[in-house]
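As written, the chains take the letters A, B, C and D, and residue 1 is the first residue of each chain.
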């Protein structure tokens, strides 16, 4: 069985999630040809890297990502560092002719994203961005229904939100290890790139391109202490962002994201209303897809709460796991994405979302931020 | 339009609910021929009766039910007093050749119930018992589905419960105006006659006769002060009751009722599982029927939450009220029962549940109490 | 007991809902001093008016609203006709020194609304607009919690939507008796005035003034047959409308309404996120208020599903109805509003929302429509 | 780090679930001292064993469990074979002085169970039964609340059910690889040992011993084809079972299990009502605990839907996984049980549920089956 030597850059939350996917994928998808190997892990912090390598079983370690990228024993580099480094690393990986996997969002902005797309295109290397929510079985099922036309000839509405509440306290710092997502220089934006990007990726995937947007953003806490320097500094990110939009297919879109919605930890929901049917989904109960079909007999129309755990019933990915009725969770979306990536590699096909796909999301994010700043509708 | 002069006995909770039904029915069911008239109200308490008559618009008052029953200007007598008086009054009403309407349960026990059935049969007077939950649109819809065979050729399971929590405090008294339901001499039994009777009535209606039962009862608070005398006395009623049973159709039944289920005010739920489909319902959200149809496409099977408010979709009774999506409540079940009663009167037909129907429920209650006492299975 | 002679103009859906409120209020609020009397009903259609008067018990009839408004035996005029007539009638009522009650929205636009406010102010007559959802107990409870500061010192987010699906079919006509809401000349706007107006009224009531808006509207079905003339004509109303806004208190708002959301009959929901707590509500299950309190012990934090039916627990209005756990419905919101109106009349106080209050909502609607047209942020 | 060499017997559903736990536990609980090693796997079917060993990474294979049990390089034997073999294997493992882990239920009946308890006691070997649902964080949280007395001084009710629908079709065979649970000779009983055993284990753990039971069982499909022989034979197991019981603490219990409840895949729910608070849980949404606290302010009482994913809030096990709001699933309960087992091993303590604990559950199962057969109440 051919080995696929993975070099991971970044030992944070996403580093763990991806590593877990690499370690588990062959147990549940044994038919795959390429087997990921935890060849090397890299981060600036030597102690942390050592501890991470030991815990997860990486064979070797690096503290300089440039070295990792150049190592001949690495087949694929997985970028799990703050957004500000995505571009530079990705360009180096491509230049070295290696496979490049990148945590979302693709880049700090679409200008960077375009460079990255150009680089992987030029190098001809396989590439993928970890918009993992596509691979939650209930979400994948929604995609199938949409593609089959189950929702009807015309789509009228798409709405999504991603609500959290973890930064309400002004005591939460910005910058540093666990809180770089709150620092504009490291993250590029706040909830727009971190949370709305997920919503936008799914939306484009399900409902096609977004044409124009009108957005607003807000920073509720104006100053925060920096986690490393301890200095109180202005906050540069958006704590909340909402936007209206038109999709190319004529439907209306409504998106909202915030880290100030008390009571919600990770309420990513979407809903899509078509002429004949509607679907909706919520990350808090990720194993359920709600489905309403107007073609049902009048008396018996109702939102169906589909427990997407029944492989006998045809639910995607579920034949790989346990028995009907039993839940899988968040981390499985990464395992699925890893499996899909390995399968496409085997077939010599691109694995969506590619850098190019993710660039579309980045362009919407850019338009959103521009619209919020200019208080005007912005074409994507 | 012919008037139907109502004589109401009892000014408590049920007296209000029935009166409200009489007053509203012609507004929403104007096609009915017989119009109820609030001719007389009667209770022992002269002050309360006067206040009630004034508030609700009864034309006259009585304090002795025997006088009311004999009044030639009364067409129908509605019995809303504690259970211990049901039989005596009903017999007198029948003897006077009047229509007799009786709040549930029919009687203190089935022996009394049999006398009542014999009396109305002999007198040939229309009669009905107010098992009002049959007329909640979602419950009526369930009945239609069952009758059409939508659940499949075989029914496997029926389960119901009725959970409350209002008597947990030992400070709640027994006996007297608002708490006669806690006094065995007035009520006959506790939750069995008060709450389970509802569950049993619906169950027999939907799923046919019950063959045998194994029950247990419990009285958690052993002594309570009497509301009128102030004396602390042993509690004679069942605070909780649960039973297993077999239905004649081969399905298994499971019933539970209690007033000690912290967190539930009026959780009357039932669920019925057939070979092809299942239904379930909950009084706390009485406008919804949950429906699962195994004949749906495998990927799209799920419990449908049917918002039973859509008369365009064929939901029973809803064409009489507002527009789709807008709720009616508890009291409307009485309005519907009143309307159905008036319609059957017009057609010269009995209106279910008749005394005879309610006697079946009484027999199950008796079997349940006997089983709990003897710790044996009891045939109904 | 002093009588309050009601003159109702309009026999449609709202005419029924208001009439029902007048007829029922004294049964459940017997302590009120003023008793509404169904003195006269008026509509252009003589047959319909006759039938309506007979069904509901109006003492007299008119076919010309000007006559009704001038009748000396009428104390209060209730305007339940299409929006285009609100202003003219209201001005006449005020000029006649009578109480004026008006179905929402107040007017076709805020210019009209200002005239109406000026008229009732000048005449010094009591006035009220039927934004009935304020009086649903769960919504009233939310208001109390907000006023007590339970949500915390700062509010971050308010979001609301009102989703329906009844006009998806292009076969639904515009204009005429049941479908005047689809004709721009009669209704002024589509979902903005019909549905969003409710959302905006509640929002301002709970969360204070709205400062500016950015909106989009859409008309999915471009032509419809007219219900009366049969002519196919362009559709002038908005089928859907969504907007972003800033509240004066610094919170962000997001509103959406449509009649093209397949699967929703009357999904009016709102949610409000404060520093310490959040609330949310849904008209489809109107008896429940969802409440999240961050001050709860960490392990036990969760959205509470409060069944707002427990008068013993202090739930507003519920002491007037049945017992804890038992539902009231949509129509009761009108009964409550009627009761509150009568009580304020007794005390010589205004009853919110007055014409002046409703004008604020109208101004937001105007700003929304203007923003949608100009594709710019508009100050309210 | 000391290795703990695991010998697994059985390559079915449970073999996979346990193996997954062994493989993942050190990634997420790196502080543990003992590290499980997949030393050997054993089943009669050589091909299947080979395939399983290869997929999951077992170092060696056996086809005779007696050989495995005697191998000196095995520290712990994990029994994942049909129930009929539990006793014999467990006795052999104990006799060899090895750790013994056994899939639930402990045995075919309590007589066997007693022998097993005696054997492990005599041998002094660590032992545990895989009642994994105890380790779902929401269930663990419920246990903590009960132990702290949060539910109040007195418990009134405990109810649980486990509903499935996978054997409704008479075409499902009995016996053989995937369907031995339907063959009485292999499984001992039907839903009683397979599903109710889970409910009973949790119940005793949360609410203490069960005193007596009254039960009924049913076999809806009387004959099934054998999966291996193809012969149509009578069905010996219970398709459904329900029972009433008294707990030693005075509370009433109600349990039901079936494989004929159309619409439910794995609806394991329990609810416990105490004087002050109640809890309920459902395996279909295993990450939520519903909690009602009567001590909350009256207006704000409601069932709290606690999303048990917030380690910052103190939710058990969740600090090991991802971030608040993100779900773990079914398989994680085995990882937790494995981690707890390793931790107790390190501390030299027993790990609940031990064989002795599981024997209590077995005794209730025996009483249930006896009661169903004799139609009498049976003391446990």
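Here is the rule we use: a contact is a pair of C-beta atoms (placed from the backbone, for glycine too) under 8 Å apart; a residue touches a chain by one contact, two chains touch by 3 or more.
Everything quoted here is computed from the prediction, not taken from an experiment.
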Out of A-C and A-D, which chain pair has the most contact pairs? A-C
Need the most distant chain from chain B, centre defined as the mean of C-alpha atoms. A
So which of B-C, C-D or B-D matches A-B, with over half of the contact pairs the same residue numbers? C-D
When the C-alpha atoms of chain C and chain D are each averaged to a single point, how far apart are the two points in Å? 54
Chain A and chain C have mean C-alpha positions lying a whole-number Å distance apart equal to 42
Once you find the CA centre of chain A and the CA centre of chain D, what distance in Å lies between them? 36
Going by the contact rule already set, what residues in chain B reach two or more other chains? 301, 303, 307, 310
Contacting residues of chain B [partner chain C, same complex]: 13, 17, 20, 23-24, 26-27, 30, 54-56, 164, 166, 264-267, 283-287, 307, 309-310, 321-332
Considering the complex alone, what residue numbers of chain C touch chain A? 152, 154, 156-157, 159, 165, 168, 214-216, 218, 220, 240, 242-244, 246, 252, 254, 256, 258, 260-263, 273-278, 292, 294, 301, 303, 375-377
Residue positions on chain A within touch of chain B in the complex are 141, 144-145, 289-291, 293, 296, 298-307, 310, 312-315
